[in-house]
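Please find the structures below.
Consider the two complexes below, in which chain A is the common component and chain B and chain C are the respective partners.
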Partner chain A sequence: MTRYYFWLAARNLKNSPWLSGLMVLAIALGIGAFMTSYAIFHAMSGDPIPHKSHQLFSVRLDNWDPEDAYSEPNEPPTQMTYRDARYLAEAGKARYQTAMFRVGMAVQPGNPDIKPLLSHGRMTYSDFFAMFEPPFLYGMPWTRAEDGARSTVVVLSRAMNERVFGGENSVGRQLRMDDGEYTVVGVLDTFDPLPRYYDLINTDPFGDGDDFYLPFTLNDTLKKRPNGNNSCYIDPPEDSYQGYLDSECVWVALWVQLDSEAERRDYQTFIDNYVMEQKRHGRFPRPLNNRLDDVMDWLDNQGVVDEDTRIQVGLSFAFLLVCLLNTVGLMLARFLRRAGEVSVRRALGASRRQIFQQYLTESAVLGIAGALVGLVFAALGLAVVRGLAPHIAAVTHLDPSLGLFALTVSVCAALLAGIYPTWRACRIAPAAQLKTQ
Partner chain B sequence: MLSMQDLSKVYRTHLVETHALREFSIHVEEGEFVAVTGPSGSGKTTFMNIAGLLEEHSGGRYQLDGVEVSGLSDRERSAMRNEKLGFIFQGFNLIPDLNLFDNVDVPLRYRGFGAKERKLRIERALEQVGLGSRARHYPAELSGGQQQRVAIARALAGEPRILLADEPTGNLDSAMARAVMEILEGINAAGTTIIMVTHDPELAARARRNVHIIDGQVTDLQSSFADSALGVSAPRESAA
Partner chain C sequence: MEIRPIFSTILRNPVGLVLIGLQVALTLAIVVNALHIIGTRLDNMRASAGIDENNVLMISSTAFSVDDKPLDIARTDLDYLRSLPGVVNAMAVNTLPMTGSGWSTQVEAAEDPDSHDIATAIYFADETLVETLGLDLIAGRPFRAGEVTPFSMDDNLRPPVVIASAAAVLDLFPDLERPEDALGRLIWNGDENDRAASEIIGIVDGIKAPWRGFSVKIFDHVTFVPHIPTFDKSARYAIRSEAGQLDKLAGNVREQLAAQNLRRVVGEPRTFPEVRERFLRGDKSMAVMLIAVVVLLLLVNVLGIVGLVSFWVTQRTKQIGTRRALGATRGNILRYFLIENALITSVGVLLGAVLAMALSNWLASEFSVHRLPWYYLAYGAALLNALGLFATCLPALRAAGIAPAIATRSV
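Moving on to the complex of A and B:
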């Protein structure tokens, strides 16, 4: 009977195109508006590395002003000092760990026809690649030994490799950056986790990634200052680069990979002991307040999904409900107009349950049509958002899972809207209708 | 086949109580052709609705094909309606959006027949009423008489035990009415029990038995077996 009900539903839609069109439009408008905001919310709040998001931790130490927290309520700084980060990164207490900060450098392609490019990269440890798993197009990461040896090696992004080497396999080639020569050891494939969870402080979570990656230890000679957020609650003790490195200014991020709860507890003990040790040297004046946040907690802590986005999703859902109320009215008019048909079917042997199933199927078909048109509206809506807010363009896309979600929401919504009209249709007294036909 | 004993039907509103049928008793045997007559408002249609399981009675007993219908669920009543009863209405009551084939198909769908069986029955029923070649036409493309023949085909396709016809010729001119009546007589001759409500004494006279209803009661049952010019004989049975 299900096939028969679908066949009847399709016929009825075709036979009353205006009323059907109005109902589909009402559902589609609601679905379009809801999916536009939900798609953005979904991308922003999604898990960027689901298979290990509970193993990767952002590490924070509270070295801040004893009188005033870094941010309320009693939050430690989002990054840490150079010396703390370097010590913890090189202590090797976790399976993987990396300190990192963003730098800007002039890349000078070997081809004289290409002008030098001002590019943004990341100084980090080789563990970065094992932890965050960027895919490699060519070559591989540098090694821990090369970290220790301060090797002049570089990993390029796919985009940078295309600009500088025309997309060829550049592994082993030399690249001049600022005043130094670097050997390309690897080229990443496209690497766009959404949001870019490992650096929410210095990059747009939904913007472009890094052009290159250099060993953190090279900074001993490069003496780079961060191209990103730098916060100090007291001035550096001396106006020199070493003074800056020894200061309480925070500008380096630290991430670790801890594969079990036991490892997480041990690492917490380790950083607490480290801070207690530093307190004995007059640092860390605030009470112990060190944090290990896994990826999803870190995204939540940093408010990647802002309140406006949540409100938009709520409002669009309310709009969907309003559209559904309109649909209820239209369905009621449509179903009750067919009271005669219901009565004939009842007389010919249809039970109330069968009438209910037939009309709910029709509601579901309206929901399917509404979802398809609604997805077109959502795609248009997201295109408008892309135009108005290019910085979040990366999260303004629909994917098959969102399409399926839209279909589910639309069908459920249409079924919900159809319940009352269908119930009314089932309650029609056939005897009275048959006589007045 | 159909037996009602002391049946009553009361319609109640918060202001008024209307007795549509009271102490209504009738017994119809298998193969009978019964004409039900009576003035407007006498309870003929209420009787047909209750007989057709489209309404529930308020009191008394009603047995259809040996089954007491009181207390049956909607599903059971619907199944019984589908399997044992066929309906022909004054207004034809075809579904305008469906062609003749699909209209006749409706009760067969609810019976659960397979596609082959349904096709066979639909074609046979339409042939039987002389509309086999117009299966893909829509009701609006047919005359009133042709539409009523489709309704008869729809009722016949499921091979019901009883055909309930509520003024089946009421909307037809006399020629078409005669044609429909001839079809009904043929159906009855083939063994199907027919109960027909009519205002037309000429049609009533062609039935094998007449039942007269006044004020919700059977007042007069007559047999066409009697040799009356109108086919009406002396009263044989009266309601209690």
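Moving on to the complex of A and C:
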């Protein structure tokens, strides 16, 4: 019987192409607009490391101005002072932990045909690789022992290795950066978590990552300034690099991996005790306000899904609602116009239930047609968005699951829109209707 | 006149009222809020940076080693850049307006005990600032060569003299009527324990900060300090080309500069129009998206009304024929539908106004959006009423054309 209803629906749609077209168009426009903004929202709000996003934590300590929070409402700074981050990273209280900051360095390839280039990398600990799991193309990370020994080793990104070593296995080769020579110990494969959750402060969450990674401890000799966000609420105690390291300026990030709730609690106690201890030395004037945020909480806290995207999703959903109201009206017009047909079928023995099924099937067919056209609209919409905002291009595409989602939304919406008109169609009294014919 | 029978017809079958009314209400709520956001974004896109936008570019140089004396490199580079044909002037900078990154600090009026501090962007500049950036210096003087000193990352900011934006001084000194009067006033710089006063020697109009604050007002707050910055081993230069020469300069300057000194990396030049385009990209895409939503929404609304009224006309063919037979003119029939629609739309608009304010309040509380000004509602209501009447006209004219003889036939 269902097949027959589908056949009837298709025939009826063909019989009044103008009205059918209008209904499909209304649903399709709503679905198209909603899916365009939802696809962007979906891409931006994804979990970049699903298998351990609950184990990786961004650590924040509140060393800020006693009078003013770093940002309202009472948020601690997004990064840490050098001394705190370094102490906590080397205390080793978590399973894995790393302090890190971004630097810029002049890379001078050995091959004279390749011009020197300015590149941006990350000073970090070997635990970085265990925590964030970037895939290696060649070689492997440096070790904790090499962290301690301040080894002059470097891990390159795939793009950097292609640029400087033509993409070959460069493990063991030397690379000159700024004043120093570094031994390549590893080359990463493409590493583009979306968003780039481990550094939302200093990189575009949907942009390019780091060109290279160096042991954090090398900074003892390199004395680098961060190539990224630096905030101070009070000037450094003296005008020197050491004064900067000892200052309350925040520019280093700290991440830890904690595998259980118990580990998380212990670590919270550990950093709270650390801050209490520091308070005795006159630091940390604000009340205790230390935070451990796992990946998804951190993405939320930092507003990775920007306001514009959220407003667009909301407004386009409201637009979809208007399209549905519209469809209700058009369906009503369509179904009631066929009152005669309904009456004949009822008079010939069709039950209300069967009429109901027939007309709901017709709504579903409209929903499916609307979804298909709507997906075409969404694809067009996304093409326009890519032209307008290239950095979103990287993250946005219509995959099968989004297509299925659109189909579900569309069919549900069409069924919802069809319920009232269908109910009205079922209530037609056949006798009265037929008499007036 | 005919309002009462129309009203009772609507009430007897309120489905149309509910459907069209709700549609109009939601449309009004979305459209006025979207138009308000679009208006803000278009204003953003019109903002001028306060410099000679079409002829300025920025380029960076990073030395291989601190032993290469970055300050000497910067001075040599600047002499070279200033000697290039097609270059008006050049200076070392830390950033430019609208680049999205830079340095900001709090400053406050030095002689006023109850002054409040304001956030301001800090721009490094030398004696050529007015000429290099094409600034609008409305009072005072540029820096003198003797006042400009080197600044490294290890130094704390203690400029003896500054040049400030007009908007910044007006916010700093609320007693002033004209920004020009701020000349000679002192502002505090630095934290509470270690303050230094800087004298305002020049006022610049229209200059913008690198970013736009929402909760913190900063976009119009700029303070120029007389320093040549060298950050670590890097320097950045702003170069102003002669009118129309920017692209040519941008095409050559990297190679030319790189050839001057091989122990460094010269970055890709960024022309100000590129900087600006990037800065406004988000505003532009938001505006385009919302304009699309508004246009489609109005279109869907019109189509919906046309569809529903057409249905009513078909349904009421007999009644219309009867009325015509009883002496109603075509105008009466047309008017009937128009008034009916105007009534329904008005109910929708009233409900929509409430919804629009609720939506606006929600947007203002959740996002960086200001409250909706009332006149948006007025315009929106007028627009929807006009569109409603227009949409009704199409099927209503068909209704008016129904012949009285129809009434005597069976269907």
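Rule of thumb we're sticking to: the second predicted complex is superposed on the first by the 400 of 437 C-alpha atoms of A that agree within 3 Å, B and C clash if a C-alpha of one lies under 4 Å from a C-alpha of the other, contacts with A are read in each partner's own complex, and residues count from 1 in each chain.
Here, a residue touches a chain if its C-beta (ideal position, glycine included) is under 8 Å from a C-beta of that chain, and two chains touch if they have at least 3 such contacts.
Predicted, not measured: the structure shown is a model, and the values here were computed from it.
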Task: Examine A:Arg353 and indicate which partner it touches, taking first as chain B and second as chain C; both and neither are also allowed.
output: first
Task: Name the contact category of A:Ala389: first (chain B only), second (chain C only), both, or neither.
output: second
Query: Of the partners chain B and chain C, which touch A:Asp113 in the superposed model: first, second, both, neither?
result: neither
First (chain B), second (chain C), both or neither touched by A:Asp178: second
Message: If you tally the residues of chain A touched by each partner, is the higher count for chain B or for chain C?
response: C
Contacts of A:Leu22 with chain B and chain C, given as first, second, both or neither: second
Task: Determine, under the contact definition given at the top, whether A:Ala33 touches first (chain B), second (chain C), both, or neither.
output: second
Message: One more residue to check, A:Gln312. First (chain B), second (chain C), both or neither?
response: second
Message: Contacts for A:Glu261 in the overlay, against chain B (first) and chain C (second): which applies, first, second, both or neither?
response: neither
- request: Share the list of chain A residues that count as touching for chain B in one structure and for chain C in the other.
  value: 436-437
Field: Sites on chain A touched by chain B in the complex
entry: 1, 4, 11-12, 15, 340-341, 343-354, 429-431, 434-437
- prompt: Which chain B residues qualify as touching chain A in the complex?
  reply: 45, 49, 52, 54-55, 74-75, 78-79, 81-83, 87, 89-95, 97-98, 106-107, 109-111, 154, 158, 166
- request: Give every residue of chain C touching chain A within the complex, in rising order.
  value: 15-16, 19-20, 22-23, 26-27, 29-30, 33-34, 37, 60, 62-67, 153-156, 190-191, 193-194, 215, 231-234, 264-265, 267, 281-282, 284-286, 288-290, 292-293, 296-297, 299-301, 303-304, 307-308, 310-311, 314-315, 363, 367-369, 410-411
Statement: chain A residues touching chain C in their complex are 19, 22, 25-26, 29-30, 33, 36-37, 72, 104, 106, 108, 115-118, 178-179, 224-225, 233-236, 239-241, 243-244, 306-308, 310-312, 315-316, 318-319, 321-323, 325-326, 328-330, 332-333, 336-337, 381, 384-385, 388-389, 420, 436-437
